[in-house]
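Here subunit A shows up in two complexes: once beside subunit B, once beside subunit C.
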Partner chain A sequence: MTSPATTKERSARPRGASASRAGQTSAGWLFVAPSLVLLGLFLLVPVLMAAWVSVSDWNGRGSPFAGTVAFVGADNYQTVLTSEGGLQARDFGTALRNNFWYVVLVVPTQTIVALSLAVLVNRKVLRGRGFFRTAFYFPSVTSSVAIVLVFLFLFAGSGAVNKVLGWVGINGPNWFSDPRGVLHLLLGVVGIDQGPAALTGNGFLSITWWEWLAGPSVAMSALVILAIFTTSGTFMLLFLAALQNISGEVEEAAMMDGASGFQRFRLVTVPMLRPTLFTVLTLGLIGTWQVFDQIYVGTQGGPAKTTITPAYLSYTTSFASQNWGQGAAIAFILFFIILVLAAFQRWVLRERTTVPRRKRYLTTGAGR
Partner chain B sequence: MNRTHRTRTTLGLVAAATLALSACGGGGFEDTEETSDGAAAGPAALEVLIGSSGPAETDAVTAAAEAWAEESGNTAEVVAAQDLNQQLSQGFAAGSPPDVFYVSSDLVASYASTGAIEPYAADMENADDFYPNLKDAFTVDDTYYCAPKDFSTLSLIINADSWAAAGLTDADLPTTWEELSTVAQTLTTETQVGLSTSTEYQRLGAFMAQAGGGLVDDEGGPVADSAQNVEALDYVKQMVADGSYKFAADTDSGWGGEAFGTGKAAMTIEGNWIKGALTNDYPDVNAIFAPLPEGPGGQGTLTFTNCWGIAADSDNKEAAKDLVQYLTAADQQMAFATAFGVMPSVQSAADQYRTEFPEDAAFLDAADYAVAVPNNEGVSDVIADLNAQLETLGSGDPSAILQSAQTNLEAVLGSS
Partner chain C sequence: MTAPTLPPRLEEVTSSSTTSSTAARRSNRSAFGVAATYALLVAIALVYIFPFLIQVATSFKTDGDASINPLSLIPQTWTSATYQTLFASDLPFPTWAMNSIIVTLCVTVGRVLFCSMAGYALARLHFRGRGLVFAGVITVMAVPGVVLLIPKFLVVNQLGIYDSYAGMIIPLLADAAGVFIMKNFFESIPVSVEEAARIDGAGVFRTFWSVVLPMARPALITLVILSFQGSWNELSHFVVSAQSPELYTLTKGVATLASGGLGQAQQFPLKMGAALLMTIPVAVLFFVFQRQIMSTAEGAEKG
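Showing the complex of A and B:
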């Protein structure tokens, strides 16, 4: 910004213009100052404090910056991540396992559902579009606590969901108190009840590969359904806005080129939605890795710890077990997981230099 | 140049303002200078934070605190917490905790280790009047921290109508495990299971106590995987397999009291707090409270208790002690017992309680042999993990569950 060229250029200008530009700049700073102060005070400072707590032995009494609080290096991280941590490490491994399956199931499904809904309500021929848009968006504006409570009733052992399943002859599980892993159940159907020694003997983050392979528990599956139900509407809205940005001519051109409806959707619409897709996937990824309120209100981590997530574990480790350092460490590990995954996803969805549109632009440019 | 300079100034101002504001916020974290050791001059203004079971409890405690305030010339404000542990944690971190608050026995060790609570209880006028096993529940490393405010024990709760309908009489009240299995089987019908409890250690631990087991031995060593504990869980599992015992979650209930109140179970094992639920939610259910049966190891049940904690950071410790003294006096505890159904923690109130609440004899008699949930630091995490595994007891292997609890306990307590 302050390269020699610009400075020279600016000093050559009349003085008045420069002064007014400077006035504008400071006025700008003045206007953003309140939000900068608020962000700094309520976001940056707490984050830095939490970072310090995660490498200290603060016990929750008095200031974390008091003289009695000592620096313990990576001890808290070590307790959580390595097998020496025993119970804490296993809890963290379990929490990551639970949340991993939750993310794997929720993010793709909610994206696909949101996109389908958006395409559906974007159709001009659809009657009562306004009604459907509102209906699909409704779960997103409802308090998640209220929805969780409704789901607790719906998925109770003798609740509505099991009644409906009963009509088609399925004896539904007692959803929110069933800790069995879905994948384990499926494997059990084909007669595999015990994992091979290679899987049960070795593991990652203090729980065995066989436990990783359990899949989401039945209780977690109900929460997955809940998450898809509540968030699809929000993302539908994002997709809808993007769809309406695609002009009709593009669609018409593709039609003239003889593309079928599905081809138009796959090869024209979806690529043009890429920025929105990135937003939706990123927001979905962050939201699902941070899932907390459903757990806090609905299951409290049960049954059999199959719905504890790192965010919830961080809370209980700090507030219930008074291990503030470990709680903060868990929060930071979660932060890094989200950061890495978001970066990875950005790399996957990057604009490739070889996209046809760009090529076409270059040829026309050269021909001119 | 001018522009850059101004920008820097503005940036600096913003940064300074942020720091200044955060310093204001952070000011609360610093320990305030204590004028003297908890004896502030003039009338004290006490803040009392309670984890209330409902309006009845809040009103009773508020009335008692106001009466004390009137008498002593101080003031006391009672606040019912939404989430007691979280609000306490915030208070401790800010250096301005409430002066007096409830502390459950499983948290006393972790608060004691951080020095957040004042060990005042040994100096109380009526220190010898409290039940010894309740005092043990609040004793950490031989220091007796806080005075038990009341206590509860587990008993067998029986639906009187189902009992009579099944042709059972007082003579059939189970005194052994065999008899319990028999009556549970007798009481089991198409729509009602004989016995239902939640799966947590806080209920099934009663069977462990009856078998002569427990999580820690008298010296505080870990004994979770003892043969007695395995026997207790095997017994429970056998009853589940027989169909005469269902866990509360399997009857669509949040706890044993709900399964009992809604008639899904004819018997449950709960504490005296079930009286409140029966009165408020299930007034049509007639309940009999009977002692739990003897197991191979004799009589056994669990006791639960909270104490009146006093914050070490309180400016009014003397006044706080005075308030606790007032609240734990026998007559005041009887007032609480009448208001919200708790049992007085002092032995001198036992006779009066027995006269006023004859139907509660089973709960009160259990005080002599009931054991408290271990209170060592970190044990609550072990119990939480044990509870998670006990949820799978119906299909799981009791000795494997107890073995893993033993491993966790050894990590917390050190192996014996």
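Showing the complex of A and C:
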């Protein structure tokens, strides 16, 4: 970057508009024009248009800007969010509940699995590391539609997974048609079949606390496994890159100080992976709140609506029920949720400027 | 086992900083550790690979065989019925494949061209408003894709390109991440060659086309891989941008098989075969450019 040509150009620039500079301005705009127009037309304009639709009573016919379409204020948001919204609000509450459990299970698990795989294949003297990386990463490149089909077969009532479970004496469920909540099932084992009145009587977003506590349904659990299977490879590569950036000297120094393998991992490697950990958690969070393909292909929201998610509900509300205003409102609420959670996570995982004296050397090592 | 009997490779694992007696004890432990690691890796790899093996095997089974022996990797009777149904029946599988090819080729070519142009301009050309344009690109990158599902339909519909190739292809050409990748790449290569070309009297376009682009090969390959994989596997955009059966892509068409839309309620061999065929192009791309893909994903982090 410090070639003589650059410095000459830099020093020449402030002196004014030469012919080549004018040429660069028009060429520059010409070069960015196609991308700029496309991004504006299909990313910016849609957001603005959906913002209008979410506060209008457009029914899908004609243009949303036609004179017959009226402004209805926050009505659509109210229908979705408050208990007076009836079925629609119940569906939205259920969708949030489903997606919440999906996120809670998928994000930590995929992060831990990805990190473990990365540590395992990062060994300096590992035969066939290329093979292992390929094996772990391959599910990430295949189409979600194809993977869902394979999982529908594997998790079928008399499918491969239940066959394997049968070897160890477990009578596997009929995965994709089982709406029972996993937490409710666990509570049922210890004899709790009915929630206390405090939980069944009150609720949040039109469904009771007891329903929130159902946990993911058995069907959703299969989708959780699917998500971990398909994303852990991608995140493994991110961790792998970060691991390879940790210099051998740091490891050696820790080894000289007598740190055991696990201590080295916990006190040296993990703190240095902090930026990557942040990336993986954020990408995971954003991705899992957007789950759509798997639902559209695999379950269509069933059984008993236990796999509808806000993204899928936004689609069916608009396209199937023709309630475009509500569908757009759901999309905006989802957008808001993702923004807030990403900001929250950023705050939780921020680099603390004041750290306990004991840990200070670690943080300075990680804060690159 | 004592230290000398260990293969030299294992010796490397143990630190040379310890004395020889502890080294011997250590290598015993690490020999066990290495074996355990391999066992663990092989077990996990089996879990990751087995679904695909079952998929391949099942596509050659009969319906009954598939449901009775879902785990076996060898069909009781080999049959190519699945593939005959996919290619020589009234199932419009070839149409879906053709649509996927058309859309993927157009999107890949378009994205590579537009993203490299924009990336080059943002990295190299000095023009008023450049900072603003780049800030805009970064901002739209942050909008989650699924949130745009309904909004994109609204615009496609308003523009009158709903249910057409144009509606399926043009919105996918907008790729902020691609612009970002290309900008980063162009900033990483020395500017001197371009300067030389410019001093020789080549205009901006000529410099870009015959000097810059050939140098950008690694980044272009990355972009081709990402665009191809992205548009080949795309589902949600096609769901909202078209509805005619003649415009179904593989993702959309095979998805209808899953829900038994065409009466294929339990025909698992057919579903596995269809899923397998639609995986092949991406798999080929993956194995051809494996090294590149691995470093692409790693590079994204370093970015």
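What we mean here is this: the second predicted complex is superposed on the first by the 321 of 368 C-alpha atoms of A that agree within 3 Å, B and C clash if a C-alpha of one lies under 4 Å from a C-alpha of the other, contacts with A are read in each partner's own complex, and residues count from 1 in each chain.
The working rule: a contact is a pair of C-beta atoms (placed from the backbone, for glycine too) under 8 Å apart; a residue touches a chain by one contact, two chains touch by 3 or more.
What you see is a predicted model; the values in this text were computed from it and never measured.
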item: First, second, both or neither for A:47, with subunit B first and subunit C second; value: second
item: More subunit A residues in contact [subunit B versus subunit C]; value: C
item: Partner chain(s) touched by A:25 [first = subunit B, second = subunit C, both, neither]; value: both
item: Subunit B versus subunit C as contact partner of A:304, first or second or both or neither; value: first
item: Contacts of A:59 with subunit B and subunit C, given as first, second, both or neither; value: first
item: Partner chain in contact with A:288 - subunit B first, subunit C second, else both or neither; value: neither
item: Partner chain(s) touched by A:240 [first = subunit B, second = subunit C, both, neither]; value: second
item: Touched partner set for A:86, first subunit B, second subunit C, both or neither; value: first
item: Which of subunit B and subunit C A:174 touches, first, second, both or neither; value: first
item: Touching partner for A:230 - first (subunit B), second (subunit C), both, neither; value: neither
item: Set intersection of subunit A contacts, subunit C complex versus subunit B complex; value: 21, 25-26, 29, 36, 41, 44-45, 63-64, 156, 158, 318-319
item: Subunit A-facing residues of subunit B, complex; value: 2-4, 6-7, 10-11, 13-15, 17-18, 21-22, 25-26, 29-31, 85-86, 89, 92-93, 95, 107, 110-111, 113-116, 249-252, 313, 378, 380-382, 385, 388-389, 391-392, 407-408, 411-412
item: Complex interface listing, subunit A residues touching subunit B; value: 2, 18-19, 21-22, 25-26, 29-30, 33, 36-37, 40-41, 44-45, 59-66, 86-88, 91, 156-158, 174, 177, 179, 301-305, 318-322
item: Residues of subunit C touching subunit A in the complex; value: 9-10, 12-13, 15, 17, 37, 40-41, 44-45, 48-49, 51-52, 54-55, 58, 66-67, 70-71, 113-115, 117-118, 120-122, 125-130, 133, 136-137, 140, 143-155, 158-159, 170-171, 173-176, 179, 190-192, 195-196, 198, 203-205, 208, 229, 232-233, 235-236, 239-240, 250-251, 254-255, 257-259, 268, 271-272, 274-276, 278-279, 282-283, 286, 290, 293-294, 297-302
item: Contact footprint of subunit C on subunit A as seen in their complex; value: 1, 3-6, 9, 13, 20-21, 23-29, 31-32, 34-36, 38-39, 41-47, 49-50, 53, 63-64, 117, 120-121, 123-126, 131-139, 141-154, 156, 158-160, 163-164, 229, 233-234, 237-238, 240-242, 244-245, 252, 255-256, 276, 279, 286, 289-290, 292-293, 296-298, 300, 311, 314-315, 318-319, 324, 327-328, 331-332, 334-335, 338
